Amino acid sequence: MGGRRTLTILRSRPFLTLAIVAAVWIAASFVSRGFGAYGHLRYLVELAAVIGLVAAGQTFVVIAGGIDLSVAAIVTVSAVSLPLLSWQADPTGLTAVLAVLALTTTIGLVNGLGVALLRVHPMIMTLAMATFLQGLLIIIAGGSAVTAENPLVRWLGNARPAGIPAGVLLWVAVSVIVLAAMHATSFGARLFAIGANPLAATLSGVPVASTTLAVYAISGFTSGLAGVLVLGMNGQGYVGIGDPYLLASIAAVVLGGTSILGGLGTYAGTIPGAILLVTITALITVVNASPGWRSILFGSLILGLLLLSGREQARR
Amino acid sequence: MLATAPLLAARGVSKSFFGNPVLRDVSIALQPGRVHALLGENGAGKSTLINLLSGALRPDGGAIEVDGRPVSRMTPAYAQQAGIAVVQQELSLTASLSIAENIGLGAYPRRFGLLDYPELAVRARAACDLVGLDEPLSMPVGHLSLGRRQMVEIAKALYRRPRVLILDEPTSSLSATETKVLTNLLERLRGERIAILYISHRLNEVMALCQHVTVLKDGTCTADRSLEGTDANELVRLMVGRDPGDLFPRWQASALAANAISVRNFSAGLMRDVDLDVRTGEVLGIGGLVGQGQEDLLLGLYGAIPARTASATVNGALGLPGGVPKANALGLAYVPADRKREGLHLIHSIITNMMLPAFARLPALKLRSRRAERETARGLAAQLGIKGDLGRPAQALSGGNQQKVALAKWMPHHPLALLLNDPTRGVDVETKREIYMMLRNFAAAGKAVVLLSSDTPELVHLCDRVAVVREGQIVAMLERGALSEEAIVSAAMGAEHQKVAA
Amino acid sequence: MSTVASSRQAGALYWPVQLRRNVGVRGLFAVVMAFLVAYGFLFPGLLTASGFAKFTQSWFPLALVAMAQAILMLTGGISLAIGAMVSLGAVIAATTMTGPLGVAGGAAAVALTGIGIGGATGFIVVKLRLPAIVVTLAGSFIIGGAALLILPRPGGAIPEWLSDLLAGNTPAAFVLLVLIVLLWKLYLATPLGLSLYAAGENPVGAYRSGVPVDGARVAAYAISGLLCTGAGLFVAAQTGSGDPVIGTAFTLNSIAAAVLGGIGFLGGQGTMRGALAGSLLLSLMISVMFFLGFTPVAQYVAQGLIIIGAVAIPQFRKVQQ
Amino acid sequence: SQANAAAKCIKGDREAPYTIGWANIYSVPTWMKQTQGTIEAEIETLKKQGLVDKLVVTDAQGDANVQIQQIQSMIDSDVDAIILIAGSSTAPARVLADACAKGIAIINFDSLVDTDQVTAKVNTDSAQWGDQAAKFLIDAIGGKGKILILNGPAGVSVSDDRRKGADAALKAHPEVTVLAETNTPYNVAPAQEAVTSLLFANSEIDGILSLGGALSAGAVLALDKQGREQVPVTGENARQFLELWKEKGLKSWATMQPNWLGAFATYTAVQALEGKDVPAFVKIPLPVIDNSNIDQYLARAADFPADGYIYSPFDEALFKKLLAEQ
């Protein structure tokens, strides 16, 4: 019994992705000594935390059969507007963070409204939202001369309780909650049902509209959280700070074995997927080659790893 | 007889999926001018066998022979060249293409290498005429009802002018009239010395139409013989392995005076201004030709499509539910006809499918108990005779077993009124019997059942009353005493009769 | 049998089929028409030969990549390498056409590259059964890297006469587009054509009907690649030179245009005319907003609203019926 | 206007007040927003002088193809002048030639187009930028040592030109080893990521040749976070970098791509339309920010966005001088 269970785990996509990450780390530390240093690996995981947070919401959305193209803009909005909200009254800085998260959750909720009620295709809705937010950013960018001096944000970006970066701790906490919500609650079960067959889900009494709303709101929330973290890590928000996270979040989700068609997948795969992405990026950085070759190497690595881990299951 | 080699034959074929044997050493030979029945319970391996015969799957062992010669590598393309055509269960159509384009798919007439639309139109029209399809050829298949799609699938097979015609449950979603058209057609094709393999769970059809029968049980062949001198009971015995009882449970009056559902001037989809009372303790049948609005009636009551009504009471609550979760809360449950599209999550496990209504109504953040879910699912599986690992995806189940899952998922919630859309489509006799039993018991417990069915005997023998729908109206409400197949069919066809008279 | 009557009646199949395919995109057509009229009104010069030429030239590459994306999405695929392919096409054109290969050789190189890379991508996706979205994401880095290797910084050149022919004051782009649409119609009438739809929506059923499902899908990738590098060639001609990152924005725009045009992700849903209308709307929007004098902020907001509106309004009317 | 205008493209049939088209490549980044601010300020001034009627702004959202379309629209609506930051150094050449032929004054600044079919180009010298930065760094590390080079995005002329400008100085000092080079967008976060990985891979680093934007701030943060000693680093006038410089007491050198290039381009366009002879290329001298004058810049920091650039003051006198100097 136990043996079979272990075997299933060993064969699962999340584990495979994790194994690949480990293999890449070991191989890379032979090539370049510093790469495998504890500090470096810790830094990579810290970087992965940002992608991981954005990809948490993205995983929800993708499993529910949608996609969120507004995550990058939401990260930027979060990181840029937080300094504007940091008023002095609250010494911890928590109020401002909560306010920003409320804002980004609302943005996600609006995405959800468009998808669930207006029945706009998720890609169109979130793309349009990203465009709106660009307009918003023109208005708020550079609007303040006050540097981010939010203690909570600083702590998140720089503190290392027990030697572990606070961002990584945040990611662990979020991961636990996400995995629980996804696989241990009825909300999670509805998510998969909506993604696999929305019609059958509706006829089975699943509240499709409210679940969809919740899913996009979650994506807004986690993107907002990622924005706060990335602000802390860089000490400064700027327009464009979220840009790398759109493709990265989608790639992490898909590399982790979640089907882009919805209905199948797990955040447990996204986690190593995110680490894998930053690892490859770091690997490419230390390789001495022209930009063209580096880009080719990056693509080939992803493709190669995909061959190892990622056959798509047949459908329909 | 002996001199002619069979047009198509399987010799000792075996097939397993992921180590589970589905067919073991099965042989079958299709002779020209003969309608050959293939019988067996759900999951016996019938569809798998025809997939081997038509090259859609490769056998693990044994051989497929065409005209007595073994074919080394059977493929769908080769089968097509050899004049073998298969009527899949609605499976091979593309919704966005027109009827004609679907019919010709994979075998288009060509001119200068390009699709010859005029020629396609002529040949597709001819095929449609054979099966009585009068919709415009340019209509996208996605706009057709299930029954009409089935006719397109048959026309698609005929279009290929087959020597061997294989039909996998062609009548399961056809109305009585359409079935009649099909049986006449098959008689004619048999006269043209075409070999026909016919799969159906409706034994009366088999008895009327077929000359020879092969029976599968658990993947092995338990009979291969002429149908002459065999009766239906005998066939059931061969399929099930024991003596059959009566298919329909004995009818007992159990209807109470109370109304479970009551609507006035109800309109939804095609249905216009109908009045309907569903009593507690009764099985109310809904009959009529396919596509007259029956389905909209159920969906409207269930809150799945917008509906209007002058007044409505549903299980004591005033007004229509107006949404599926609300309808569920009022004790309504709906089992759709198209289980693959509407009833199931094919890529998810059987357990998850069975538990979905529970997930839908539990508080969103309530923690799940995998163990309790497994227990419940095991109970349901045992109750409905669904065998095997419940962790498999639902798509690995045979059609009939999928239907059982679609029905089973509502059972733990003790609905007060069941809305059923053709629940026995493609279901084997044993399961049918179980489902009928369940429905009667359900009614006897004082609950209401609304049974939309294309299987007229089912309406006659199982229902307390039958509402016959035509052109969005209930044109007749036949009480138990007045129920007969003729009565239902003539009420359903009323319009045509009148038109002819006028 | 009354063969004569039935053949006459049946003879008219092609056009009714085509008409019915308009049903899903009527709303979008109306929106696009409204924009065209508005544009013509704001900029009467549109109706002159050169005004029309310039207008179609700015639409043309987007139209091609929208088609390139749509053909993949019809088969249930997708590509995130569209932009990189356009860049590669542009770079190859700009480095070969003034060299020993000449214009014909350069065009052949562009076409072969498109078909070759597209076909290879298709092979990987279809035969190795890897998810298209990640394969093409990885592909976008490889292809983009190749473009950088060929031309590390903007440069190269296209013969002046070719630029003038394709992107001067001639309606060449429009004529080309009409030609490509006609070719698409022809392709649809080949054995692989309609198979696209069947292979996208119902691959199992299509396979059982004798449709070369894998072949149709791989061919779709090859054609898509050709359309992309073709768009790249045009962009190179339009700009007179090559730029290794010129195509980047086309990836997302091609998806937006296709989805706006009613192409679904699950395969087999939608029509090419829809995708073209979607791309036209995206292109028109830019010019119309300019002539309405929108500030950048207003441009962003209006663009978002128009995109949502074009999808939501027809949808809303459908729900109301 | 004068009948025989000397400046290129000008036909002399245009009358004040003029309509100015500002073809921006992407209006969202803070540098662009600041630049837009200087343009608007200049337009206000010119409006008061009765020289400008209105400003038409387009935003290509980073897409060079869209920018071409928008320039085409500007031609179609017959603006009097186009000021332009190009999304590609080659792509807009043909559409600009069309505009030039229509007698529209074109002033191209910051990111330039390889064409002479414009009225004037206005920019600092990218090659000189790279050269001066490299010379400072080599000097700062004592003529030998191991360095990192941080470049802007690959395939873009500005980043390529700055890198090429640094080449001669590097070649002249063979004892200076380039450990690694990167290409990232001109932003803090990607630079910080890249430098962190490079620091782990290379235990000894003596200096960082950072060629623009916010890359330098990213490098300083990366060193700081790893607890490594700061090394000499080059950079630009990004406020965050200048503040870090002061805070960490760096040995640094910075120059500037002044945001008032936008205002100056506007001014130049109007001058050309007014019949003045403007030079085909206005080379803006690169100012040097070092420990001697950094405090002057930081003193004005509060007037600039936190993620913005502290640019030097500008006025019409400066513009006049620049035009006259060439």
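Order of writing sets the labels: A, B, C and D. Residues in every chain begin at 1.
We take it that contacts are C-beta pairs under 8 Å (C-beta built on N, C-alpha and C of every residue); 3 or more make two chains touch, one makes a residue touch a chain.
Keep in mind that this is a model prediction, so the values were computed, not measured.
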| item | value |
| --- | --- |
| Shared interface partners, meaning chains that touch chain A and chain B | C |
| Separation of mean Cα positions, chain D and chain B [Å, integer] | 71 |
| Mean-CA-position distance for chain D and chain A (Å) | 33 |
| Distance from chain C to chain B - Cα centre to Cα centre, in angstrom | 41 |
| Residue list for chain C, restricted to those that touch at least two other chains | 147-148, 152, 202, 204, 296, 299-300 |
| In chain A, residues with contacts to at least two other chains | 134, 138, 291-292, 294-295, 316 |
| Residues of chain D touching at least two other chains | 27, 61, 154-155 |
| Chain contact graph, described as a line, ring, star, complete graph or other shape | other |
| Chains touching one another, given as label pairs in label order | A-B, A-C, A-D, B-C, C-D |
| Interfacial residue positions of chain D with respect to chain A in the complex | 27-30, 33-34, 61, 154-155, 180-183, 185, 187-190, 192-194, 196-203, 214, 217-218, 221, 225-226, 240, 243, 301-308 |
| Footprint of chain D on chain A - complex, ascending | 32-35, 37, 39-40, 43, 47, 80, 83, 134, 137-138, 141-148, 158, 230, 233-241, 243-244, 278, 281-282, 285-286, 288, 291-292, 294-295 |
| Footprint of chain C on chain D - complex, ascending | 24, 27, 56-59, 61-66, 68-70, 72-74, 76-77, 88-94, 114, 153-157, 160 |
| Chain C to chain D touching residues, read off their complex | 43, 45, 51, 54, 58, 61-62, 147-148, 151-156, 163, 167, 235, 238-246, 248-250, 253, 283, 286-287, 290-291, 293, 295-296, 299-300 |
| List of chain A residues in touch with chain B within their complex | 180-181, 184-190, 192-193, 196-197, 199-207, 211, 214, 263-264, 313, 315-316 |
